[in-house]
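In what follows, structures are represented as structure tokens.
In the two complexes below, chain A is the common chain; its partner is chain B in one and chain C in the other.
So, the complex of A and B:
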């Protein structure tokens, strides 16, 4: 006597996941109000960046810095901001750490549901609702600033740009989720999150295009700082998609960068899974 | 591989042997300086939350797990539901080792904690139910039938479409129970399900649990501090103190074993009669015209007619010692000196 459906398999998992997504969407819609203002606020730091670069270009006779004209710089910051709307995960790692600390993570140990899949559904819902609201301020700013952009890229570049955005979402998700799961070992992850944010800010291209690190030697012959950063995951969460749109990376370099990004997504997804497995084992042994 | 086939009527649903759980707790001495030193050197102790417990529960049993705060009740339920792993010992629930957390096992039991919310806070409970339908992979028609039945039994039809955060504690608890029982679990663990609820809500939940349990032959383990829960629901009582099971048997047996006397309450016409009653030598308490006597159970048949013959007795009632008192006695009888802690330093 039971109400269980036997079998099910991947199809049933998909259905469960879709329901999770739908329910997370409904939940997010309860809080739709605070998004609109928050989004506009995001553009404020950019205004100072634009002023700063305007001053830089006024003070020098050079027409470009590391291959970026003043217009390129403005377009770059706007595109990096757009990428960060995909790759940044506000509250993800601290939320995971909180659920571990206050014990609400238990629910996912007792119920036949996968926590990482659930978090992913919740985050996609979060993003979809965010985009639905943020499209207005984003669209407004992009239209107002259209004069700074070079002509739009061709269809192939455009599709690679979209792909790199989707990958940047996944990369950001798995990096921050893994970071949050460190909460199984240390109760308070906020200082770790802070350190991560700092590195992220410097090396993702959020602060300046990574091309500007090309002139900085690392001590290794023929290797600049930009060459090193290329192999790290950070620049794929802000710089890379923007550089694709602006045509800064082409040909074999583009293929290689895309492969590195995809590889990091796989590595971080595995890291997240492993952290969950080991973390719950530790939780079961010491905490609970 | 473990046996996951349907358990036969004879096979026990829960089998626990030598189950022990130790926790390491860190002492945090008072004061700022001590806290700074604590960064380098912390002293810790090992606390034995559960000290080698044996228990066998058959299908359809309704077991009360009683014990004072910190006795190990919740630790025991966490072990049985696979949230934590034991330090020693074995457990099988429905043929599964709980802490392996096989999906097949997790679809067949439910855990309800009175102080923890499983429902989505900002959404109506109906949405949480819908999610349960998918994660427990329930057949649509069956899900609807079960849901409607449970909702009817608890009288919460009007509440399922209201955001959970707007509901009262009692209403929320009822919906938690519906959510937990949607997948018709064969084993149900209830950790203080009636905590903080008013008498009416408690009664509704008793009726509900009794009905559902009888209908489905669910195996239930319930922890509680309310003896009303026990008296209304459980035939079997397991008492844990200091991590050990100190009693396991039918409720009636406990009452029998620990009730050495009866409570006799007399209402007197004449307050002067109290002196006469007091002289009869039983411990007694005078509250105005009312006298409460504790009389040895063996002697009650002899003593009572004698008392009733005396003048001025208008009314009499004979009651058992309240269950609370019996259980408090049982809790005290658990050996506290065995709660050894191992001092260690790190």
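So, the complex of A and C:
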């Protein structure tokens, strides 16, 4: 399967891609009210987390936990939430698995449209609309909480932050898409998706900064759980960009982490392509 | 009353037969909820790596806190098993007009709509909650006084009653709005506040939150009061929350009943 959308050269290919984006944008804008309310509600669990950590800091003599002050933790949760807005892909893997199961995926086999490109365009449209609407609640909460943030980082760090966000979007997309493609081999992927979500929930940094795992031994000499997690893709979908903004990762560590993130994007993109190629070859088109 | 109990037991039996027919699904669902729960327990264990207690001088050290978590698991699993599945079905019933068939039955509509489905897999978390409670109490160094053992089941029931009332009010909102896909979301976001000891809501922002969720929407009482009674010795002045949670449970049941009945009166059938 080529990356091209049709046989009419790059210009036509761009046009087809743009049309897909526009269709998905229109589709998404229908539910803008739901989006805005849903986004604001999603901050509620964070409120309890902030109170929990405030109580922890009140009870301990430490000035920081794993290098995070109380204010750092609040800022961390906000930034991790921002990252999740880039990397989370609700319904992507289950949607792909469903289209395989009910047979609707076959239209992408006969049309001159590449399925992965279509899904990516749809996701970008989804995210663009989401940001257009979510910028209000997000902006409001960030401005209200600006006192918790350290002074903004320098321009280089900021550009790396933006880059890490874009990479986290791509990583989240290709991981979930690959997971959905497993539907070619096992028809029901929901338990796999569940296992993935559990690991993701704990190891992405969604619940706590991964630095807190630095004191937890793995049994390997000199290797903590945080050292292991660093080589896995999960922390790049929530922890990493937040830690970059807060200046928790610097110098050679930062370069290495960025390289690991980029490498995972490439690996997962290839895995997704391979899964699609092999999957469609053995696909038997269930359904009418 | 006896008739209702007999009908409820029939529902419960039918649902058990159904759950046991699709045994693999039942096991998968149990594992799912156990999985999420263990992630949360892992997080709490991590938190206690960094602090001896939650909030200075509150007494919520590790074992009492896990007794608190266990209490929350038990209460939530009862609500999720017995009331949530039916309330979720109500959304679909209003949309399709299936509610009509319920309203013409010679039975109380609220009973029928909130208790006809039992989801046994949700009880898995409650079972773990009981185990966790036993572990936490055994390690606490002081056994709860006999009065605490007597009060604890009653207070658990009060907690269940308050959450049940919340489910009923949310379900009533479904009838008004015609659709309520975010019923479960809203439930999750609200009950989220009851997951931690009330003492953490302190300071200029925490105070109002604590007051709101204690006196207006009493979800902070749900887990806090029974957990306090079982996990921390009651001091002289600590008896008023016990009376408070009983009163809150009764009030919540009455209010939810009134709200639900009024919403039903507004229901216009969707079927033709």
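Quick note on the criterion: the second predicted complex is superposed on the first by the 275 of 288 C-alpha atoms of A that agree within 3 Å, B and C clash if a C-alpha of one lies under 4 Å from a C-alpha of the other, contacts with A are read in each partner's own complex, and residues count from 1 in each chain.
Here is the rule we go by: a residue touches a chain if its C-beta (ideal position, glycine included) is under 8 Å from a C-beta of that chain, and two chains touch if they have at least 3 such contacts.
Note that the structure is predicted; figures quoted are calculated from it, not measured.
Chemist: Which partner does A:23 reach: the first (chain B), the second (chain C), both, or neither?
Modeler: Touch partner of A:23: chain B, not chain C.
Chemist: So, A:212: does it touch chain B (first), chain C (second), both, or neither?
Modeler: Touch partner of A:212: chain C, not chain B.
Chemist: May I ask you to decide whether A:284 touches chain B, chain C, both, or neither, giving the answer as first, second, both or neither?
Modeler: In the superposition, A:284 touches chain B alone.
Chemist: Could you say whether A:107 touches chain B, chain C, both of them, or neither, answering first, second, both or neither?
Modeler: It touches chain B, and chain C stays clear.
Chemist: Using the touch definition up top, name the residues of chain A that touch chain C in the complex.
Modeler: 38, 41, 44-45, 47-48, 51-52, 54-56, 58-60, 62, 65-66, 191, 194-195, 198, 201-202, 207-208, 212-213, 215-216
Chemist: Which residues of chain B touch chain A once you look at their complex with the stated criterion?
Modeler: The touching residues are 23-24, 75, 78, 81-85, 99, 101, 103, 106-108, 110-111, 116, 118, 120, 122-123, 127-128, 130-131, 133-139, 142-143, 146, 163, 182-184, 186, 216.
Chemist: In the complex, go through chain A and note every residue touching chain B.
Modeler: Listed in rising order, the residues are 1-5, 8, 12, 15-16, 18-20, 23, 26-27, 30-31, 103-104, 106-107, 109-113, 281, 283-288.
Chemist: Within their complex, state which residues of chain C touch chain A.
Modeler: Residues in contact with chain A: 28, 32, 35-36, 39, 42-43, 46-47, 49-58, 182, 185-186, 189, 192-193, 195-196, 199-203, 206, 209.
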